[in-house]
Amino acid sequence: MNEAALRTLLHSVASGEVSVAQATERLKRLNIEDLGFARLDRHRALRVGFPEVIYGPGKTPEQIATLAERLTAAGQTVLATRCGPEAFDAVRARISDATYHPVARCITAVRGRPPQAAGTIVVVTGGTSDIPVAEEAAITAELSGSTVERLWDVGVAGIHRLLASHERLYHATVIIAVAGMEGALPSVIAGLVDRPVVAVPTSVGYGAAFGGLAALLGMLNSCAAGLSVVNIDNGFGAGYVAGLINRLAGLRSE
Amino acid sequence: MNEAALRTLLHSVASGEVSVAQATERLKRLNIEDLGFARLDRHRALRVGFPEVIYGPGKTPEQIATLAERLTAAGQTVLATRCGPEAFDAVRARISDATYHPVARCITAVRGRPPQAAGTIVVVTGGTSDIPVAEEAAITAELSGSTVERLWDVGVAGIHRLLASHERLYHATVIIAVAGMEGALPSVIAGLVDRPVVAVPTSVGYGAAFGGLAALLGMLNSCAAGLSVVNIDNGFGAGYVAGLINRLAGLRSE
Amino acid sequence: MNEAALRTLLHSVASGEVSVAQATERLKRLNIEDLGFARLDRHRALRVGFPEVIYGPGKTPEQIATLAERLTAAGQTVLATRCGPEAFDAVRARISDATYHPVARCITAVRGRPPQAAGTIVVVTGGTSDIPVAEEAAITAELSGSTVERLWDVGVAGIHRLLASHERLYHATVIIAVAGMEGALPSVIAGLVDRPVVAVPTSVGYGAAFGGLAALLGMLNSCAAGLSVVNIDNGFGAGYVAGLINRLAGLRSE
Amino acid sequence: MNEAALRTLLHSVASGEVSVAQATERLKRLNIEDLGFARLDRHRALRVGFPEVIYGPGKTPEQIATLAERLTAAGQTVLATRCGPEAFDAVRARISDATYHPVARCITAVRGRPPQAAGTIVVVTGGTSDIPVAEEAAITAELSGSTVERLWDVGVAGIHRLLASHERLYHATVIIAVAGMEGALPSVIAGLVDRPVVAVPTSVGYGAAFGGLAALLGMLNSCAAGLSVVNIDNGFGAGYVAGLINRLAGLRSE
Amino acid sequence: MNEAALRTLLHSVASGEVSVAQATERLKRLNIEDLGFARLDRHRALRVGFPEVIYGPGKTPEQIATLAERLTAAGQTVLATRCGPEAFDAVRARISDATYHPVARCITAVRGRPPQAAGTIVVVTGGTSDIPVAEEAAITAELSGSTVERLWDVGVAGIHRLLASHERLYHATVIIAVAGMEGALPSVIAGLVDRPVVAVPTSVGYGAAFGGLAALLGMLNSCAAGLSVVNIDNGFGAGYVAGLINRLAGLRSE
Amino acid sequence: MNEAALRTLLHSVASGEVSVAQATERLKRLNIEDLGFARLDRHRALRVGFPEVIYGPGKTPEQIATLAERLTAAGQTVLATRCGPEAFDAVRARISDATYHPVARCITAVRGRPPQAAGTIVVVTGGTSDIPVAEEAAITAELSGSTVERLWDVGVAGIHRLLASHERLYHATVIIAVAGMEGALPSVIAGLVDRPVVAVPTSVGYGAAFGGLAALLGMLNSCAAGLSVVNIDNGFGAGYVAGLINRLAGLRSE
Amino acid sequence: MNEAALRTLLHSVASGEVSVAQATERLKRLNIEDLGFARLDRHRALRVGFPEVIYGPGKTPEQIATLAERLTAAGQTVLATRCGPEAFDAVRARISDATYHPVARCITAVRGRPPQAAGTIVVVTGGTSDIPVAEEAAITAELSGSTVERLWDVGVAGIHRLLASHERLYHATVIIAVAGMEGALPSVIAGLVDRPVVAVPTSVGYGAAFGGLAALLGMLNSCAAGLSVVNIDNGFGAGYVAGLINRLAGLRSE
Amino acid sequence: MNEAALRTLLHSVASGEVSVAQATERLKRLNIEDLGFARLDRHRALRVGFPEVIYGPGKTPEQIATLAERLTAAGQTVLATRCGPEAFDAVRARISDATYHPVARCITAVRGRPPQAAGTIVVVTGGTSDIPVAEEAAITAELSGSTVERLWDVGVAGIHRLLASHERLYHATVIIAVAGMEGALPSVIAGLVDRPVVAVPTSVGYGAAFGGLAALLGMLNSCAAGLSVVNIDNGFGAGYVAGLINRLAGLRSE
């Protein structure tokens, strides 16, 4: 039952066409879907500032392209993650201004510009192999209206590189710290700054890294307060939650 | 907003006191709670046939007794699981007809009699150490209106004991198979009968039993079809789902 | 010793040709196989309502085709799971009316129609990637005589989609809930309805999903009663046990 | 080298007492400690808004009391977590206005009032057993200047309880969602609201809950975006990071 | 149906009192239990050579004593494992010649003497902490008729102690190698001798020993052929299977 | 120092050419290698009855062929496990009478005939997918002089198939029970017979089978005594230890 | 056969009392024990520099005291680890100059002074809870002749504390880095200095620390080269290996 | 701020151009980067003796070649690990004297010769499959100035092979022990010698080897003191730390 239908029903009650008892009965049966319009509105508003996301794995290039086309047709920004070049070819055949980000393996097509958050998200990686995950986080955050600074390869094995960058860290609103292997980077950063740190373990490593488990456990057990963790390799999730946090700090007046 | 309030609102619309626009606005804001009465009715009906459950661990005897008293005051049957004798003493001080089941470590106080299911649930254990979990399952099933047969200590290490009981298994509507250590019993039973088998791994065992993990994995990997699994030591869960299944097979005409 | 042989032996005893002592000796040696005819009859009856299953992995297309042919030659329905198109080509070369279900990766060839259960199994998935497992469950249940409704992509991340479908869930006899990642769907459903829920974790996910382990643990630890769990990706097992349960609720009068 | 010493050195350079070469040499050797005053200042400022934390386990009541006394002597607020009543007795003997929070098992003694954040942190639990962890989070957040709303026992097994509270969730700035067993609560909440959700798995549960592992994995694998996770039972960590986030949203004008 | 009953039935057939059809029907229904007498005989014979075992944990001293008394009353040897001194007190009150083995924590009461195997079982431990498990194995093997030699504390960290004993190892029929921590002892022994080695991991160790898991994995992955493994701390199981093997090598002529 | 050298040294002592002090010094320095001749003799004798084994993975066909040729040149039997057809082609090019066992993926070339053990090893599998591992066990046992009976596909899901074969199991000297998935077969067998059972878990299965872990844990936790376990898929290890055990039971008089 | 016996035998050969053949036979049978004197000498020499170690857990105070007395009677230094005060009381009753180290829970009694290594071992902890393990390491190293510097509570959460101490780290010969929780400290240190770092994970932490597993994995996966790891809480092992390394750098000239 | 800039600033203070207050302010803001030159010098010195390492996985041949070229252009030695022949082709196209080590899968190009350590590192493997990891360790150690002896295939299954080599082990300064499967080799070696042993678990094995986990746990739980462990398959890490240790023992006078 959409708003028009509800209005019609109430008019019928007002006019006496429908009895109060009948209307009561019908409204009691309203399922949540019928009330959905409010939520959908809210969702639509929300989506102005955030892309619909297509998760690539397990989908054919054709399926990805179809979903992307449907979104742009509805005026929405597209973000497709973990996609290969074939998927991009299929998307570009339908959306001529789509962009491929080869490092992050993301496809984007921007429609409208979300409100720009005033703060800055700094994305930091421990090593060069963590960059794909970090780029996925950075692109996600940018699409949701955040300014992003990238700081690659400042892992704790050479702590002086990290410390040399501490000015940039101090000016961040939120920090996304991406690291594999032992995953110590977010701990060190959270010990240096008093901003929320979103920690992203990566599957970089071998042997007892167990596909990112070592980094994940390291981050969860951080002796530094101020950090929280997302799933292994989940750049998108980190970028999304960092974007939500950054938006709290206010919008850029333009 | 309960039904009376809804009715009042609609009368106001019918009488013209409230405009259609105003009523639309109010009804759009209806949160789910307001629609809750239908669901609550359904739930209340459901509860006639099933006890409210109090999970004992982490609660003081006094807290358990208070919760139990509130339920019986509302005319509902009580089932409190994993409770020691002190908890029972506290409950009996308030509910004089409460019963303690020392093996299952359950407290019950029956109020009203649920509709009796026509079928039979057979609860089987591999060893004597599995009986507490099995009793919890049996009591739960009985309280929900099922007839229960108990068949203890027929584990696969002496397969002839199990086979000797196959007639009883063939007459079951549902079977709850409770076993620790390697947890092979449900597999063997599911290979013998064509009834749903609810498998309950127990934490009985030592060493590489890893607190029931071995039994759990064994049951999940059963090469026999027709069984599904609940959590380690979860007698209550097994009794509950077996009760739901048994009820599907029809009620006893009385 | 089949029934005829037993009868002959008893006639010989009746006629005095064989002494009681000799017959006692022979009957004592009866091994279980000899008594097997009763079980086989029961099995045959059972099979009228349920397909023999061929598990594809580790078998060549030729082996699958041979097994399938043998079953249809015996008038039995075939269900081959986890088979690629090559296997289907091999089967169709021998069984012209075989059908391939590409999403579920199943091959079926129906012989006879099982008694139709009166109830309905609703198969629900959390996401689109769970559909192959859900389809395997649905096809298995249909072949065993159940009516199946499919409800795809109603995961808890957008709980309103699930709630919007609650009417369909309330009318189910049994629900099969299929979900990967955190596997919360079956918990939410079991909290909404009072029907048995068969939970199927899938290996959909990455990182700390650990190939379905996260979903499996989530389902086993559900705080909602009324659900039981099968192995990761085990659509067949879920469909089979749901079929057994659904049959308990009675057959369709035709 | 503190600021005064630096100043003295530079005066000596200015007066010619110390040559440039000598001063260069000394300043090159400055270790980080010498530069520490800036950092310490920053830290002190930070501490105005946040309590020093004493982690109780492994410390004697006497040690906890000594640490607490030292902090209050320095004019700082005390938060001691995971402490029993004996520890509180020892603390109160020295700090007469100390408070014990028996559910959270925390000791607090407030010195000065941190700047109050304008937003609201809503702390939600799945069950009653999760409340101690949630209270630790709530107290931590309150001490750091956040307004906290508590919403207990709205787990997904009875999803209608959660949905009934969605208005309160929509008004939150940050949400802390605390749940044990399968840990599905944060997923469901993150699917309903577009605010950052800090998920806290608890060790509540048994069997395959594996001390909180199931809840942890469930939260990490959430199919809903917008949440990040802290360690099992880490109420303090969740309260701390939520406080940092809430502060981003601005301070209350008073 | 026991043998007498079968005989009676056949006499009735012979006399014409029971028709062949009726007898066929009854015999078809013979369940396995009825055929059990052969098996029971076999079992009884087997038990002459092997004690019934009472597993102590989870049983009260009184229950252990009752079970032990029933066994001795039936003329059978008793072996109760993992029992404390209280259990022994209860047993001795009923069985005056019962013996307590404090290191192995076993209670024994011998009735009859099993046939003595000609070979020798050598039980070896890596360290002194492994002796309780090794003693349980040794006592089990002795009760089943094997001669046992004990060789304690010859772990691989001081390989020369082991090598110094190689003569004794060469003369063994079967070797039981008991070790905790890294569990390397059985590998080294299996590389020295060409006799079956039964490897018993123990829970001795700390940290990454994970309760015996490290030793268990070490033994399963042994690069030496000729060994097989039982559960962690399962001295009884090792003694039992070693006894079975040793018996294969022939009995002592007496 | 070989025996001749030792003899020469002693002759020199006897003749006075070498002083007692010098000889003492030299003999003190004797390293273990020098004492090795005894051990080598023993090993050589042992090898008459058992093939040298080449473990295929990680070796090129050429390397396998070279090793095999060296063994046959020394008059020894070859067993190469886990080899593909390419490896066999390379071996046959050098050893014309080599045989390939495609199911077990073994290459054999027999040189000499080991003493034949009097007993019989029965190799049993739960399913058809376990046959490759079982064949590796069977071939290993045959090469070491054991008579082997194969009993395929008698898993516990259809327990009647296993029971139908119990006569064959009762006549075995040793039983090798090979099973994947839940791995219950060895437990059931050990409960039926009083012979040593060597249990072999296989990696057959999916999902929570975790590559054979479920079967392994099931076998280690067997509630039946009399079985011991080898590594997942370790057919060779099972065949080797079963051969050692079988040989204990005596040799066939020929 | 000790050296004297060997000498006697050779004299008998020299004198002709024993033939060369007989002597050959006897010497061939020499087991390794007989050759042990060389090794024992070497061991004794080694022990001058290193205490015999008594591992406390599982031993009674009386047993510990007996072992300690035997060592001092032989002129050897005693180190007993993981011992409570009762054990110390028992030891002191026999060895009046024994010392108890309550933090490390070690008992020592020094006999003789090992050669003093020229280098310095710096033992560093991440937090105060790691000190007991670190003290065990420090005491072990000191007893083996190393000079030890202690640097407590410099964990990575406050990286400036660590950096402030880098001068002391640069002057170390070997560093033992002890840390629980996420265990990042050794990585950071190994990135700062070019000395061997022995990393000791501790079981300090809760939740996903999993008893030290998180710290262990973190250290094994360190992205910094130059570190190696010992078992969780294994202070003794770290002190021992660091002592061996430190001794390589030369002895102190005295 | 580099040294020149610092000097200029101080000159300005000396000349009065800059006030003490201004200079204080600027020097307080000095970030760690500015102080970095000392550290960089130290690092450069260090690098004379040790190659920069390029970790191959996840890098294209072109990227590896570029990095390698940059290093040699700076006069530094190159070590690239885990590289295939394609990577080598790309490197050789730019660095004509580069060498490929096919077993270790390393590329090296030596520039300058590090100071040669006086001691010897002995690298030992349990089996032939461990050689690639061992070679990586050996090459790393050689490049850092150590003399390396290789001792392949002396695993504990044939302990006499190891013992036969004990003279070579006794002469080592450091031992690197590389083993897969149960990983017992380092324990046995550490029990024989009193030198530091660096243990390297490898992923060699199958089934319950779990990719090297069994070997890793075995080594961590070694009952022999004197060993420490690196990550699974981490030959480079072992070679690096062994090189650091070996250098402690002094340099070769040349």
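For reference, chains read A, B, C, D, E, F, G and H in written order, and residue numbers begin at 1 within each chain.
Please note the rule applied: contacts are C-beta pairs under 8 Å (C-beta built on N, C-alpha and C of every residue); 3 or more make two chains touch, one makes a residue touch a chain.
Keep in mind it's a predicted model, so treat the numbers as computed, not measured.
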Shared chain contacts [chain A and chain F, defined touch]: B, C, G, H
Neighbouring chains shared between chain C and chain F, ordered by label: B, E
Farthest-lying chain, centroid of Cα atoms versus that of chain H: B
Interface with more contacting C-beta pairs, comparing B-E to E-H: E-H
Whole-Å gap separating chain E and chain G, where each centre is the average of the chain's CA atoms: 39
Whole-Å gap between the CA centroids of chain B and chain C: 25
Between chain H and chain C, distance of the C-alpha-averaged centres to the nearest whole Å: 56
Sequence positions of chain B contacting 2 or more other chains: 32, 163, 207-209, 213, 216, 220-221, 225, 231-232
Interchain contacts (touch definition) - all pairs: A-B, A-C, A-D, A-G, A-H, B-C, B-D, B-E, B-F, C-D, C-E, C-F, D-G, D-H, E-F, E-G, E-H, F-G, F-H, G-H
Footprint of chain D on chain H - complex, ascending: 3, 6-7, 10-11, 13-14, 16, 20-21, 23-24, 27-30, 32, 35, 37-38
Chain F-facing residues of chain C, complex: 31-33, 36, 39, 57-58, 201, 203, 211-213, 216, 231-234
Residue ranges of chain D touching chain A (in the complex, touch as defined): 46, 53, 119, 173-174, 194-199, 216, 220-222, 225-232, 236-238, 240-241, 244-246, 248-250
Complex interface listing, chain F residues touching chain B: 126-127, 155-159, 163, 181-184, 187-188, 190-192, 205, 207-210, 213-215, 217-225
Interface residues, chain G side, partner chain D - complex: 129, 160, 163-164, 166-167, 204, 206-209
